[in-house]
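Read from first to last, the chains carry the letters A, B and C; within each, the first residue is number 1.
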Amino acid sequence: MSDWGINVIFQGQNFLRLLEGLGVSMRIAVVSVLISSVCGIFLGLLMTSRYVAVRSLCRSYLEAVRIVPLLVWLFVFYFELTKVLHLQLPAEFVADIVFSIWGTAEMGDLVRGAVTSLPAHQRESGLAVGLTRWQVYRYVILPQAVRRLLPSAINLVTRMIKTTSLVVLIGVVEVLKIGQQIIEVSILKVPTASFWVYAIIFFLYFIICWPISLWAKHLEKRWQ
Amino acid sequence: MDQSFIAASIPLYIKAAGLTLNLAFWGVLLSLFVGAVCAVIGYFRIPVLCRIMQVYIELSRNTPLLIQLFFLYYGFAKIGIKFEAYTCAIGGLAFLGGSYMAEALRAGIESVGKIQIESGLSIGLTRWQLMRYIVLPQALAVAVPAIAANVIFLLKETSVVSAIALADLMFVAKDLIGMYYRTSEALLLLVGAYLILLLPLSLFFRYLERRLRNVGLGN
Amino acid sequence: MKETEKILLEVHKLKKNYGNKEILHGIDFSVHRGEVVVLLGPSGCGKSTFLRCLNGLEEIQSGSILLDGSIISDGKAEWYAIRQKIGMVFQSYDLFPHMTVIENILLGPLKAQKRKKNEVEKQAAELLERVGLLDRKDDYPAQLSGGQKQRVAIVRALCMNPEIMLFDEVTASLDPEMVREVLDVMKELAQQGMTMLIVTHEMNFARSVADRIVFIDEGCIVEESEPEQFFTAPQTERAQRFLDIFSYEN
């Protein structure tokens, strides 16, 4: 059976190790999604502020994060943070920081979009019945905005999960790295190992992201 | 900061920026083609192709480009299907971008009202003429902002191709860091290079969007 | 023989379903060349659906439609070719917003009918002149009022030299002051001998322009008569009730 390349996945601890590697990426994704959700909501609300200075400050943050590829930010933070702080930060920790900064920016923009898409008279009628600005947010704007926000926010989550694959390039030992290790060990015995290993990683990502995408699509249909 | 190091490195970055742009250009072009094919298949609800397209779109949207590239470049080589890294990179970008463009075009096509299609039919246009003269021109105008966003997205995604040993901007920076450990200089140049590529493009798209909105085709 | 020769459009036992619900229950109907027929009926009675079936915009479940004596509803004939002979104007918003007035009008004759450009341009100019919009020919639809748009839509259909024109509530979404200008164009068209099939809620217009009124209710033709008779002494109770509602509103 050794000529069946796919067996390489199930030899010894290989499959388990791949899953462990996937766990590393997913941990980064979960941590940064959580941080981004909380910070993103605040950023989004700040972006609807009536003060131009606040709005443009938030806007600059968003544009700065967006204007270069995320992989570049990963490198910049990985190398420069170390230098500035004079201590060697683990790559995983750097990934948490970068993904949170990026996620906050994107989530903030989604929140801003959801809030400003509500017709002005919603806010006005809230104020008209004597609610404070905060109360208008809490009872009128947010409940409606959440419905507009949730599908796109969930899509952002899949985007963040997919993007965690980049962390291998700053040396985080995750699923792709472990895949490469497995390939190196078995390349002589199983020449097609890399095909099967990369195929399985491809499908592992797919199996995680696909249901989430379907959920987003489902919500979008239900709430439109 | 070592200024002479920066000056000496600039030509390397210019050459690499050429490759980045080249990959982005062909990636965008092919993505648009794939997206248009998908949009047409969806519009005419062509039976079997519709299914295949759905599978493709789900696969493309729910897997990372880096993994797609590794699978394409290292994986397929081992079962006898060898592509050059350059081909893989463009293929990967088109595989990824195609589904994004398809979505942009689909949304544009759906924005064209039913009444538009019916009045097109009522003056005796064929399905193809309808697509050519009525649906596409209006759909494209609506889809421009989404397409523009995808172009920027794809240009940024090209940074991943350094992982399959293509000498793009990212690759040059990594190389310089590896050889000389001049991280600050290498990364400064990297950020600068992407800014020079992306900033004008993104400003131009914003201008284009505003123009389109002001012209206001709608009733 | 002579009577049947004059028949331009004929419908036999036409049935139309939406899902399991039958909307039209076997309609028999015909229009003679040069005749102006107005379809009346309460909203949801199926009159618009009926009109759309005649143009192939709705698929029919059974029955047949004949234009000039030949069957057009059997799926063998190409609808796009038939539609060139059947002009249709819709309720609203049907000009192509990305084309100027003249481009809107020329599209069908040039692309569908493959006619010569200078010949069509001449005809288009004449028609635009007649509806008083020649000076607006290079404007975009967004620059026109609702009434002007509908007049252009009528010209666009006329420029195909159709044998029959279908009007589907063309004034229903216009502001009241613009209704008149569109109805005047239609009336002039009727006087010139165009064969017309009109769905409308403008009772006075219907009375003055129609050669025949066809009253439809719940997917059946309930009554067919000359306008004077229909409006003064309707034969059925349902038609009477329908007219009562309108006289109350007026």
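Everything that follows uses one rule, which is that a contact is a pair of C-beta atoms (placed from the backbone, for glycine too) under 8 Å apart; a residue touches a chain by one contact, two chains touch by 3 or more.
In this text the structure is predicted, and so the values were computed from the model without any measurement.
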If I average the C-alpha coordinates per chain and also across every protein chain shown, which chain's average lies closest to the global one? B
Report back the single chain whose CA centre is most distant from the CA centre of chain A. C
Roughly how many whole angstrom separate the Cα centroids of chain A and chain B? 20
For the pair chain A and chain C, the C-alpha centroid-to-centroid distance in angstrom is 56
Interchain centroid distance [CA atoms averaged], chain B/chain C, Å: 47
Where on chain B does chain C make contact in their complex? 113, 115-116, 118-127, 129, 133-134, 137-138, 141, 216-219
Of chain A, residues touching chain B in the complex: 67-72, 75-76, 79-80, 83, 158, 162-163, 165-166, 168-169, 176, 191-199, 201-202, 205-206, 209-210, 213
Residues of chain B that touch chain A when the two form their complex: 58-59, 61-68, 70-71, 74-79, 156-160, 162-163, 170, 173-174, 177, 183-184, 187, 190-191, 194-195, 198-199, 202
Sites on chain C touched by chain B in the complex: 55-57, 79-84, 86-88, 90-98, 107-108, 111-113, 140-142, 153, 156-157, 160
